[in-house]
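Once you scroll down, you'll see the structures, which are given as structure tokens.
In the two complexes that follow, subunit A is the common piece, with subunit B as its partner first and subunit C second.
For the complex of A and B:
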């Protein structure tokens, strides 16, 4: 095993937390059972790393096996790094009937055509998601494995989720994906976050949405504030209405965990009391950012407790309705 | 002294008379007040009675109109009787509209009860919410919703239909603007077929644990299963089911591969192949287990 491979393995071992190490190595399945038993997981990590390096040398494992371990780790813990959502547009006739092997072949062929030194690994996860790991190289250098790009795609849906992609390789990846999925083009869905499951659930609408029904079952507030029965009786109808509107705008139950919503303003300044800024021709550039550990949950609570006015302003409800968290607001609209 | 007494007595008399007068006046006022109150009550009750009478009248004519409409069968067709009843005045036009409205509501309710879709008015009449229920083998599965904005053009602004159902394509192909019933019917077909295939897969996984699902996709149009053949050889057999028609719950192609080539061409397995094409997956597997084709 050459130095760069050792380096990759060492970096990877540092990244995987100690509690998960045993399960990961078990899933990796490139070490025999005796080898796995011989590893003592109570030792400090660097000792373990040395031992593992020795075992890998013995078994003649190479870079592609190490990257498999990395992929297993990332698939199990996808909620790290910054994920960006993309949407594929203009489906062609046979886009809905693409199947896995076809997609794999097409993607590999396209990408290797565009850039010759690239390492691609495609894996199908049990929940019908395709995971692709790409390590980029140049025409002259070998693929650089320390900064790979991960792509997640569900077949027959027009959405792609990417992390770790630099702008240099973005057009290449775009083209390969577009050709392999038989769509016309790919655009930025303006949705990003640290939590892959959250942005996936939001774009593919896999959270619990609420619609007006004839027999609404009463929606219960999960964390009721301390109550005064007289106030409650008077405000019962209002509270119910607000809760219904909040849930219709944002969803019911556990919501996808978004961390940020960014509104970039490019509108003209309107307040007449400020002498320096009024009357300028160019738009007033400002950025409003909402940040929270669980943004949708906090927005829903704002609406249901009355802090935000109802009906829910479309600026906020667009986060869930359009599935994005980056908006540019001009005078003509969003 | 007598003059003083006369004065006092006279004064007292005067006071008594005034008191009596006041009493009388008060009584009169009270009576008048009571009378006015009763009058007001009377007026209120009379107007209420007139209102109720008008409502009864409207309802009976509505009922008559409705029975006429029901008899004609279609709410859209004009009928001579209906035309005759219409004397062109605004009243009867309104009545006709109201009758049609109640008929439509009853029709929708019946449709909803048999598991079709249901339409609800939202946003004070500016939008509708269509709920499409899906069911398979008598069991209700997911309900999907569409919220449509009733502007000059119909526009779907919110829905919870999964992204692998080609909604935009159905909107343009099905002419949602002109023939919404056609669009909803096709959408319901796609959704019900998808729910049926998903349910078949779910039941297969639950009931037949010996059958391994090697590959499946979100739309449930491609399924690869691995069977174990009973016997000493116990070789793996792969069965690929393709559902090319997304509006159907049965596969369009079944492909069986096995290391034992004789198995594939045996009459028993040819029958199994036909069985998989014609019956739902989980029932087909039950039959195959009974005949001993698979473990």
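For the complex of A and C:
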């Protein structure tokens, strides 16, 4: 095992938290049962790393095995780093019938044609998602494994989720994906966040949605609090309406965890009390950013408690309706 | 205009009705639960609202409101403004001892002191008492409920020899003339 491989393994060991180490190595299945038993997981991590390095040397493991371990770790814990959503457009006739082996071959062939030194690993996860790990090199250097790109794609859906992609390799990955999935092009869905499941649920509308009804009933509470007959709410109908509108705009139950919503303004300044800025020809550029640990939950609470006025402004509800969190607002609309 | 009138309905026997008006609708629920639990001798009904005017649909079923309490959170300017606009929908008969202001977070350092000054001036101009309450702890909620119940019983006429007007002359908020030049020495 050469130095760079050892380095990759050491970095990976530092990244995996100690509690998960045993399960990860178990899933990896490149160490024999006796080897795995010989590792003492109560020791400090650096001791464990040395021991593991020695075992890998013995078994003659190489880079591709180490990267498998990394992939297993990332698949189990996908909510790190920044994930970006992309949408595939202009499906051709055979796009819905692509199946796994065809996709794998096509993707690998396309990408290696575009750039000769790449390391590609494709794995199908239990929930029908295809995980692709790409380590990029260029025409003269070997692939660099310390900054890989991960791609998640659900076959037969037009959505792709990517993390760790630099702008240098973006067009290459785009082209390979587009050709392999038999679509016409790929565009940025303008949705990004730290939580992969949240982004996926939002784009594929897999959260609990509430649809407008002609005869609205108040949303049934799961555990209705026994009401004291002496206490009565005067404006209960308003409260129910607000809650209904908030849930229609954002969803019911647990919402996907988004961290940010960014609105880039390119509109003209319009405030009559400020004479210096109003009436200029160029747009007043500004950026409004909403940040929270769970943005959709906060927005829903703002609407249901009356802090934000109802009906919900389409600027906020388009986060869920269009599945984006980056908007450019011009004078003609969003 | 749909004004809330104090004497347009008959009172109930041994009953007192209190209306809690709060823009945020948070503290009023806790206060309502505590008030109803604390009072054993008198039948207390609590009505909760976000702002005035109250909806017309409840006009028939609503009992006579003996005390209107405006809960103002000093941490939010909107809270104060909402209370101010709601005041317009009260019949002037209420301001003779049947209105009370309750502020929270008066001790909070991040609250601009001018807000408390404006609330005091408002309460003083309307001859109403101003209570400060602590809404984060159960003792704070219990104390506030206790004080509100004391004023409520007088306002509902359940305390002999005391009326709301008498009590309000004793408890109404006053503003010292030098309040605008606050200095802490």
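Just so it is clear, the second predicted complex is superposed on the first by the 315 of 334 C-alpha atoms of A that agree within 3 Å, B and C clash if a C-alpha of one lies under 4 Å from a C-alpha of the other, contacts with A are read in each partner's own complex, and residues count from 1 in each chain.
We adopt the following convention: a contact is a pair of C-beta atoms (placed from the backbone, for glycine too) under 8 Å apart; a residue touches a chain by one contact, two chains touch by 3 or more.
The model shown is predicted, which means the values in this text are computed figures rather than measured ones.
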{"item": "Of subunit C and subunit B, partner touching more subunit A residues", "value": "B"}
{"item": "Which superposed partner A:212 touches (first subunit B, second subunit C, both, neither)", "value": "first"}
{"item": "First, second, both or neither for A:124, with subunit B first and subunit C second", "value": "first"}
{"item": "Partner chain(s) touched by A:204 [first = subunit B, second = subunit C, both, neither]", "value": "first"}
{"item": "Touching partner for A:100 - first (subunit B), second (subunit C), both, neither", "value": "first"}
{"item": "Overlap of subunit C and subunit B interfaces on subunit A (superposed complexes)", "value": "none"}
{"item": "Touching residues (chain side subunit B, partner subunit A) in the complex", "value": "118, 120, 122, 129, 131, 145, 147, 157-158, 160-164, 166, 169, 215-219, 221-222, 244, 246"}
{"item": "Subunit A to subunit B touching residues, read off their complex", "value": "91, 96-97, 99-100, 124, 128, 154-159, 203-205, 209, 211-214, 321"}
{"item": "Residue numbers on subunit C that touch subunit A, as the complex places them", "value": "19, 23-25, 32-33, 36, 43-51, 54-55, 57-58, 62"}
{"item": "Contact set on subunit A toward subunit C in their complex", "value": "228, 230-235, 237-239, 305-306"}
